[in-house]
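Every chain is named by a letter (A, B, C, D and E) in the order it is written, and numbering of its residues begins at 1.
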Amino acid sequence: MTPYLIFVLKRFGQFLLVVFLGVTITFFVTHLTPIDPVEESIGAITQMGQSDPNAIELMRQSLRELYGMEGSIWQQYLHFWLRLATGDLGPSLSAFPTPVTTIILRSLPWTIGLMAVSTLITFVLGNAIGALAGYYRKTMVLKAVSLVFIALLPIPYYILAFVLLIIFGYLWPVLPINGGYEMNANLNLSFALVLDILKHSILPALSLILVGAGSWLIGMRALVSNVITDDYVVFAELGGVPKGKILRSYIARNAMVPQFTGLAMSLGGIFNGTVITEIVFGYPGIGNLLISAVHAGDYSLVLGLGALSIVGVAAAVFIIDVLSPLIDPRIKVE
Amino acid sequence: EDYTSLPRKETLIVENPEGTIKNPGWFNIWVNGGGGVSTGLQQLTMDTLWYIDPEQGLGGATWDNSLAADKPQYNADFTEMTVKLRKGLFWSDGAEFTADDVVYTVKTQMDHPGMIWSAAFSVQVASVEATDPYTVVFKLKKPNARFHSIFTVRWNGAWIMPKHVFEKVADPLRYDFANPVSLGAYKLKAYDPQGKWYTWEKRDDWQRSSLARFGEPAPKYVTYTDPGPPDKRTIAQLEHNLDIIHDNTPEGMFTLKEKSKTIETWFPGFPFAHPDPTLPAVIFNTQNPPFDNADVRWALALLIDIKAVDMASYRGTATLSALGVPPTAATMKDYQEPMQDWLKNFEIDTGKSKIKPYDPTVGQQIADLLRKQPKFKDQIPSDPQAISNAFGYGWWKPNPKAAGELLEKAGFKKSGGKWMTPDGQPFKIRITVEGDTRSVFTRAGTLIAQQWAAFGIDAKAVPTEKLWQVALQPGDFQVAIAWSVETWGGDPDLSFFLDSWHSQFVAKKGEVQPPRNWQRWSNPELDKIIESIRGISADDPKGLELGKDYLKLVAREMPTIPLMSYNVFTSMDTTYWTGYPTIKDPYTDPVPNWANSRLMMVKLKPAQPK
Amino acid sequence: MQPLVEIENLKAYYRAFLYGVDREVRAVDDISLTIARGEVYGVAGESSSGKTTLIKTIAGAIRPPLRVVSGSVKFHFGGGTQDLYAMTPEERVALRWKHLSYIMQGSMNVLNPVRRIRHSFTDFAFRHMKVSKSVFFEKVANHLQRLKLDPQLLDAYPHELSGGMRQRMTIALATILTPEFIIADEPTTALDVIVQRDVLTMIRDIQREMGSSFLFVTHDMGVHATVSDRIGIVYAGRLVEEAPTAKLFSAPLHPYTQHLVGSLPKIGDPSTRPSLEGRPPNLAVPPEGCRFHPRCPKRMDICSQKVPPLVTVEPGRRVACFAVTGDQL
Amino acid sequence: MFTIIRDLARQNMEFLCGLLLFAVIVAAVILSYFSPYGATDIYLLPPDMPPGSEYWLGTTSRGQDVFWQLTIALRNTLFFGIGVAFLSRIISLVVGLVAGYAGGAVDRVLMAINDSVMVIPQFPLLILFYFVLKDNMTWAVLIVIMASLGWSYDARLIRSVALGLKSRPFTTQSVYSGMTMRKILVEEHLPYVLPIVFATTMNNMIWSIGMEITLSVLGFTDIETPTMGMMIYWANAHSALISGIWWWVAAPVAVIVILFLALFLLSMSMNEYNDPRSRLNRMGS
Amino acid sequence: MTALLHLSNVTKVYRQGGMLGRRLITAVKDVSFEVGAEPEILSIVGESGSGKSTIAAMILGQTTPTEGRLEFAGKTVSIHSRSERTAFMKEVQPVLQNPFEAFNPLKRVDRYLFETARNFYTSGKRPDRKEAERMADAALHHVGLTLEEVKGRFPHELSGGQLQRVAIARALIPQPRLLVADEPVSMVDASLRMAIVNLFGRLKNELGLSIIYITHDLATAYYISDNIIIMRKGEIVERGQARPVLDNPQHPYSRALKDAVLAADFSAVA
């Protein structure tokens, strides 16, 4: 076996351990929830309707049986892993008997689509401006642009998103503000649909980019001002290598290395969804699903989403570690 | 088909207050499977035997025989109910609706615990059979004069299942009922797999549905959608992209009124909102001291300045009630108005003095107060009857002195500006409020807490998500802002909520309380009233008198402090449709998640020619 | 002797604000020297005496807080005369690498760590050679072979090479365009003695082959003895002695040089070596007069009052010490 | 100390701006103790008054003075952010330094814990805590919970620096001076990671305050304690943006931006001051 | 009489690449030597990577040998508890390579002196501040400094020579019997180099200290040491008394090493 393969295998073992620990913690915390999915269901059923107390007691019993909520928490824990081994996350308790996987898979592509694209754009944009601002320290335009992004950073996301919405959806209504596509759209794949989906993603993506770029920018700027004094940069400058080339191939290329780990983390983090984006822009996705699952005490759904996110983050970090020798040739894996 | 929206002029767009539907493809309304209900499913495609309208109803009566041809027929001891069905009604797939469907509905649910009405049928029904294709006979396990209410739509009811569809299904509990077969005037056209919208299309054979009795529904399409948080609904309606907003913040309503020329509301002026037949109140957990003491409860009531609460919560748009029924529709004339004299003379004994706590002029005062704000001046009614309809008849006068006396009577002491309980502890109250979900009541709770705190009580409002499940059901609260009173709206019979207030249903401390009577209050006098109501038929005029007895009892005992009706800020845009229900033509509740709102479809008129 | 580089009265100071105190470090204080075509000129001296600063100033590698206060650096590349501090930045960039290359201190670590070495060659040299890529790399390969480097190493990353190989790579990079003037700052420190020897001989060979001038710095006198034609001794920012290598070692004139040469232990010579007492001078507040006088065994009264001028005592040989030259002025 | 500040202020525009902005924040926090209105009292003033001479930043729809409300909210939010940052910094310092220095099994165990915390989805966890704790979910508890979620990434950073410090010769010198591990970590290594600690503090505060606001907007926090999030929550509950009460939202947003610009400018110029290379760079210009 | 330090057949194998790697590197291969009971300076020379520092680390107890035994004053070196470690450090102290790196630039240099004084007291009780200062001053005297010159100073306020002498003074405080100096002069310039090397000679004579002097520089090894070990690739290729060995090296590698020394003696090159 090559040393690299051994490294990958060991690293994979670590990945499994982290997933195991993370899911275990999430399992027990979710089961602490005081919301009983059965009571939640009864609440939904009796909402503004009939409520013969005797009938409700009967309903309670039959639902408890139906949802398979018997057994100690340890049995349920064991059961959970056994089921998970076959890729089954069990039925959702708030949308019984629909499988958790079905529910998640319905929203997931939207979350991934929006978040992955905007995370990447944010990453590129933030780092590009950060690198430029770190290298050309005196340029006023860059200073101003960085300042704007840095000032956007602490603005509560909810407000920023809402202001965008008011501007582009009300004061100057040019962009759609609700949903992932037009209401009553024909959902057969067509060019028009794709265009419509893109149009609907502009505002959510823009809001994510505007609040997100600042932190990449700050990080990159600091990294660049460190790298800039490294010997190989000075040497290249003395060697008369053109400035643009120095910035791209020497400074940015080296400063990017630590940023990739951050990128992996945020790409992994997209499996958390973004509740506020989904609420403000009515964008489909798993963030809202998560909140409603928590509200409904639907711990099998919460756990499913939690596990997804844990695997997502851990896998992203795993992948970046495994790929790191490619990004930074100095990292040795022997 | 093109990638285009439906013709806007033929489409009615309605807010679905359930928001985004978690399991959008689930249409089996008989199983709680994460699908939507107010998506149009229950309003436009479901039907059952009878409806009671929360307002006045069409055809001159709040009572409507929908699938049934007539009112329910009981035998003398209320152990048997016979239903005659209408003829000539068809499911949207062409099958005829018959008694078999009704029998199937009841039997299937009884056979499948976990279905929504399963328990209710199991507890009551001994047998059900179709004696002929249009007659169903229920035999009951024990006498019940209101068994029919399970098939009577207030907000919803036990919907009738299509036997010909479900009998082919292996397990009705796990069947999603995709492509739902409709018994209403509309059928499913399309829905968003992400659960954001549902669109229904008028049936070609709409005439074969029960709604046809009232005429042809106007909108060809009806879309129920999740328009997002209140501010976005406001924007959408200002842009004429949303015909009916289900609910809004008071401020959102003011903004709409100010900025839009095409907005119609229940009241043309203040308080705009529709008072739903629900009674938000300060609910005490009467099983725990000191709230087991009526004097303490009364003292706390006398510390509330309802005008401030109104301004803080509804910003003046509340319809107040001092009585234990919501100040809406039928109850206005059946209870609120007739009880006024009694209220004016009603006395309580503080131990040191006797006072008359009622202030019949509160509505008037609020109107005067609002009229001072230039923005609203013209929108405030001045006719006394209109004021009473809009703002309620009156409420309790703040009386800190009497409150102090009552507390002292209950053994409390004041020391260093702080009230101490009889056992010497600081009097500490936590008011559980619902937080964001019903922000208006959260606002009310914080203000009441402030008023109590100003009197020397350590009072604070604490928001809890899932107030009902987390606090009310397990009885894990001291005081909450919520409601335990709901009425039919269009019918004075109080059994709808009152029956479950019987002491037989009050849970022990620490155990889960069945819905309603969250205050866990038991009272022998109340039990007697409830038992008397059970013994008479729903439309027996004696019911009204028993209802008044109940009102007097709870006024004396104050197990909850009734505040106001649940005012819903429904607004309707007249750009594409007119003919919405309003106080001038109150044919039904405009709040569109009520199944009764199907009546709107036949009353609407396109605002612009096609 | 044809001068290639003429340095006149060069002064270069560091100015620093430290905790509210304005501090000026006179790291190069009035140095003049001339380097001939084809000559190897070595600069030696204590640590912190200003060797690197001098060399930076000559190479035009000035970055704040270093400032050239006065003096000039003139090159006679291709027959003309270029004044380094009168040129535009563009002109300076044009000189670099084509006529003048500079191997900085720490030359083991000057290659971009995340790119293959091949790219460094493209970045630095390709522009100047008006040939196609393939011809260019053929030339590079030939050049590397001369330095006993396998051309395949072009496709390696710097960290995959040993320290010696990396230094040789840097040297290859600095010499590929056969510049007229090569500047190197401690090019062989931290190398194994055996490797160091190889590298030095190679540098020497290449320099001879190309006929370039070579200015380099080290405080290792053994290295100077091996490579330099002429040596300048720097003490506390000043040139205190300059002499052909053989003369400097066999008959040092300045007391500091004498100490430097005298203190070197030798294998086969077990006699006791003295150590120089006292502290190196602080360049922010250098001693008055001769900067060496506080540590000087031959100190006279005048040494603490007047700065000894650099006097030519015989052709190619200058020294700044009153004890040697007497109070001439 | 004073000379350093004066010095920095004189040469460094960024520092000066940061200092001024920070002074504004500190002044507001101090002012909050002199507020004429109770922090949670509502309907004391006419609602919806725009900014003007009587109410500088206007009043809210709840009849509160935005200015005074803001000072108190700022104070609470700042204490919250600082509390979370402080606690989480301590955890990440302990874990990072110990893991880096001790190495071996200790390192592996600590890093396994670290990574597990890193991958756990924070948001649902916070909401669940909120449900579980209900009334007991005070600010202090929230600070502790947030702190125990917000340390892992920075602990890794600190560990990587500590790994380098371990092989620095002065560490060996300390070991042979007989210092204990605690002493070496606290007195020798800590100063080296402090710049990272400061740099991450700002990010941590942005994160925690952002989280607080998100939780508040969703209605998951104590509504009786005025904070930035709570102000936005109430403004939102009163449709402030759509009904034109923009000052209710603009004021807290402006203050948060000022706070972070101040922190950012200060930490940036301080870092440059600490790093001789870039400090000298600046002087030449 | 037992030797002060005795290494018998010591081998050290490193696994490279941390917990992930598998490549084994034999840094030290079957090495035996001793430092006698009488004070002596033992030089270890050899090319880079030949295992010199690894040997130093093993002697200092920083790593344990993979095979073989290390005895100090007749006892196998075993460090398990903190008290054993303290006792051992009292006897064996290091001098580090780079004086500028050996002190935390953010801390005053006297701190290390006082810490050492307080942690390695020879008398019964832990010295107080005064006593610690006295001990530090005494040690500084041996290296030609006084406490006054050093007290309260930061590393950047001292010259390299001074710093290296402070470092040596610190190592002297516990009154050890062996100093392990791993390339103590490779980072200081020629004029300082002799000052330090001469100091070693004095310490041996005046304090009866044994010193293991690790270096690249054959000339200083020749100048100062009694005995010498020449290493290559983890193995000892030649050993003996320093001067005879260097005057006339036998092993080819020793000869190559000697040849590579660039003589500053000009006539030798010309």
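As a working rule, a contact is a pair of C-beta atoms (placed from the backbone, for glycine too) under 8 Å apart; a residue touches a chain by one contact, two chains touch by 3 or more.
The UniProt protein names, listed by chain, are A, D = Peptide/nickel transport system permease protein; C, E = Peptide/nickel transport system ATP-binding protein.
From a predicted model like this one, the values you see are computed outputs, not experimental measurements.
Common neighbours of subunit A and subunit B, listed by label, are D. For subunit C, the chain whose average C-alpha position is most distant is B. Taking B-D and C-E together, the pair of chains sharing more C-beta contacts is C-E. The mean-CA centres of subunit A and subunit D are about 23 angstrom from one another, to the nearest whole unit. Remark: subunit B and subunit E have CA centroids separated by 88 Å (rounded to whole angstrom). Each chain gets a centre from the mean of its Cα atoms; for subunit C and subunit D, those two points are 50 Å apart. Separating the CA-averaged centres of subunit B and subunit C is a span of 92 Å. Of all residues in subunit A, those that touch two or more other chains are 34-35, 162, 166. The multi-chain contact residues of subunit D, meaning those touching 2 or more other chains, are 131, 134, 218, 236, 241-242, 281, 285. Residue positions of subunit B with contacts to 2 or more other chains are 229, 231, 235, 465-466, 470.
Here subunit A touches subunit D in the complex through residues 14, 17-19, 21-22, 25-26, 29-30, 32-35, 138, 150-151, 153-159, 162-163, 166, 215, 218, 222, 225, 229, 265, 268, 271-272, 275-276, 290-291, 294, 302, 305-306, 309-310, 313-314, 317, going by the rule given at the top.
Contact residues of subunit B toward subunit D in the complex are 229-231, 234-235, 248-249, 251-252, 254-255, 308, 311-312, 315, 430, 433, 435-437, 439, 442-443, 446-447, 449-450, 460-466, 470.
Only residues 231-232, 234-236, 238-241, 245, 249-250, 253-254, 257, 327-330 of subunit A touch subunit C when the two sit together in their complex. The touching residues of subunit D, when paired with subunit B in their complex, are 40-43, 61-62, 130-131, 134-135, 218-220, 222-224, 233, 236-245. The residues of subunit A lying in touch with subunit B in their complex are 34-36, 39-59, 61-63, 65-66, 92, 94-98, 103, 106-107, 110, 162, 165-166, 169-170, 173, 177-180, 182-188, 190, 192-193, 196, 279-282, 284, 288-289, 292-293, 295, 297.
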